[in-house]
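So, here come the structures, one by one.
You will see chain A twice below: alongside chain B first, and alongside chain C after that.
The block that comes next holds the complex of A and B.
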């Protein structure tokens, strides 16, 4: 059991998402940074898709009611366990009554807290993710509040070095697979989508200009601000299916990127689709941050996906070996 | 039957001391650019094989914590073999800098091991005196990485 001592709004229970019900209008939800959630789970010995806490407003504090293992991944929140500083992307065994605190990160937007055994809330339609719009899933379909208590599954800790251990963050481990810019602008790879051609020569500026993530951005979608891009001539579209990553162009000419709580349908023309493997980076981008779209290909997206899978598999297979190696040293 | 060439004939130590085996191991070490390897046998005997030197056992030929005697400074050691990371890859600054005060149990550096990162911690409170490993270099289990002047 864990007890939330302090939290801002909009912090929720999330897993990798709820799939297969989009035809009934059910959004997929799930972590905005699924890679961080997966790594956190692997560090505490879980399957990568166990439910965890997504923390996006700070400060956040919780108390453990029993011994367990916790991992903190995603944004570096200068985490402290009973006042002792912990590195980012870190897993550590904790005892009952210890308090974990997270502060506002200086970079990136969201931190993930994974617990050995996972957050034990009832799955709804195959997922423990909170659907804030639907008001179901996670903890009573709502975001966390002080004094909330959450069960964690499983049997508690697994063998860990006393000061914990961590994973190389994907930014470092996968650097060659994710483009970076010299000026700190986040580069997001995308592929032209269904109505791209309707924008004619205007479409070029979609790629060349730097967009700012406006304050009207949340788990549903990011509204970007910049020089508007307009259709050559207005079109009326029937509503069609929409998935996270779809970049819509409303009449204002400023794009909307659909994120984890994406609508299941929409009628705005789609200018592009962010490749799935880049969505975690967008999920860590902050309001006010600057992004630029880079035209990508299916082949490039697949290659990056394979690299991410290999990174996760490497962590999954190395964590137990680390335990064995340490056990051998203790015997010494 | 030739002793030491087959499994279960002679102890592991004897097998490793077999000159042909030793030569092979040293060759592997040199190929891998590794200076030395430590092997713990079932009986708890510790062997160190150094490329170009041969093998020594039970700590002979080791430099037993030369650092400890250096002005009373205490070592902070690598918890596992891997690459020394003075700065966490997700951070811009080191956890502790030379001359700064460190707390007992504080994490002051890291060892990278494949996709994982292990902490190097200070045993006792004091002042971080020195860092004796090169950033990115290979360190062995138990190698001294930092020297800490204990607090009075």
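The block that comes next holds the complex of A and C.
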């Protein structure tokens, strides 16, 4: 059991998402940064898709009611365990009554807290992810509040070095597979979508200009501000399914990127689609942040996917070996 | 000569038919493909989309299928190795797909027409030139087919609205339209399933829950179902 001592709004239980009900209008939900959630789970010996806490408003504090293992991944938010600083992307054994604190990160938006055994809320339609809009999943379909208590599943701790251990953050481990800019603008790779051609010469400015993530942005989607890109004549499409990462162009000419809690259907023209493997980076972008779209290809996306897969596989295979080595040392 | 003539006649005909029948296939990101049926909206196109969905459903690489209004979104478990090949397979399935008449259930939805939730009924009257009584009558006398679910959990896009009460979506959406509001959006009608912003025009209210996350299936409606609106009260 863990107890939430302090939290801002909109912090929720999330896993990798709810699939199989999109055809009934049910959005996938799930972590905005699925890579951070996956790594956090692997670090505590879970399957990568167990439910964890997504913290996007700070400060956040919780108390452990029993011994367990916790991992902190995603945004670096100066995590402290009983006041003692923990490195980012770190897993550590904790004992009952210890308090974990997270502060507002200086860069990136969302931190993930994974626990050995995972957050044990009842799955709804096959997932423990919270759907705030639908009011189901996670903890009673709502965001966390102070005094909430959450069960964690499984046996609890497993062998870890006394001060814990970490994973190399993906920004560093996968640096060569994700483009960066000199001025700190986030580069997001995308592929032209269904109505791209309708924008004609205007489409060029979609790639060349730097867009700002407006304050009307959340888990549902990001509204971008910049110099509008409009169609010569408006187009209303028949309602069709969309997925997170779709970049729609409403009549205002300022793009909307749908994210984890996106509508399942839309009718706005689609100018582009963010490649799936870049979605975690967009999920870490902050309001006010600047992004630029870079035209990509399936081949490039697949190369990055293979690198991410190898990175996760490396962590998955290292964690149990670490445990075995430690157990061996204890026996000697 | 006769042979050549026949060929000269038949070739252009088959070319024009084939090109007119080509669906548009586009991608969203790396693992979602949208297939849009050619031509105007009609139930025949919708039935062919359903047939396509039925045909590709067993493909092991598919994670989710989302039938829309004369279109189908195919979401894959992972980025395909050979995207062109995958697109060609979809195109082939479309060519083979004929029609499915989904024999759905019939759902009766009791409605209170008019009253406090029908905030756009007056605007519908203005736009259509009909009286409120006529608008309501044309709405409940219709026989509707669930074309697709989407947008919000359990929301059904209903086809079959009398053209006399087609009404474009609002340019300024209502900020807090109640769940259960009976609405008209363009040539479609539906019952809203979440309280929140909504651009469709409200003409009544229905108590019947359209979605329950704990039920299997969670959505009351399914594509192909028939829907009838039953006027329980008319408050004009």
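Just so we're on the same page, the second predicted complex is superposed on the first by the 326 of 332 C-alpha atoms of A that agree within 3 Å, B and C clash if a C-alpha of one lies under 4 Å from a C-alpha of the other, contacts with A are read in each partner's own complex, and residues count from 1 in each chain.
Rule of thumb we're sticking to: a residue touches a chain if its C-beta (ideal position, glycine included) is under 8 Å from a C-beta of that chain, and two chains touch if they have at least 3 such contacts.
Predicted model, so just to flag it, every value in this text is computed and none were measured.
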Room on chain A for both chain B and chain C (clash or fit): fit
Partner chain in contact with A:26 - chain B first, chain C second, else both or neither: second
Partner chain in contact with A:198 - chain B first, chain C second, else both or neither: neither
Partner chain(s) touched by A:270 [first = chain B, second = chain C, both, neither]: second
Which superposed partner A:242 touches (first chain B, second chain C, both, neither): second
Touched chain A residues, chain B compared with chain C: C
Partner chain(s) touched by A:164 [first = chain B, second = chain C, both, neither]: first
Which superposed partner A:302 touches (first chain B, second chain C, both, neither): second
Geometry of the superposed three-chain model: angle at chain A (Cα centres of chain B and chain C, steps of 10 degrees): 150
First, second, both or neither for A:124, with chain B first and chain C second: second
Three-chain overlay, closest Cα atoms of chain B and chain C, distance in Å: 24
Chain C-contacting residues of chain A that also contact chain B: none
Residue numbers on chain C that touch chain A, as the complex places them: 24, 26-32, 34, 36, 41, 63-73, 75, 78-81, 83, 148-155, 157, 193-194, 196, 211, 213-214, 217-219
Chain A residues within the chain B interface of the complex: 76, 84-89, 161, 163-169, 171-173, 311, 314-315, 318-319, 322, 325-326, 328-329, 332
Chain A contact footprint on chain B (complex, rising order): 40, 44, 79-80, 88-91, 95, 105-107, 110, 112-119, 121, 141
Contacting residues of chain A [partner chain C, same complex]: 19-26, 124-125, 131, 133-134, 136-137, 190-191, 193-194, 238-243, 245-246, 263-265, 270, 273-277, 298, 301-302, 305
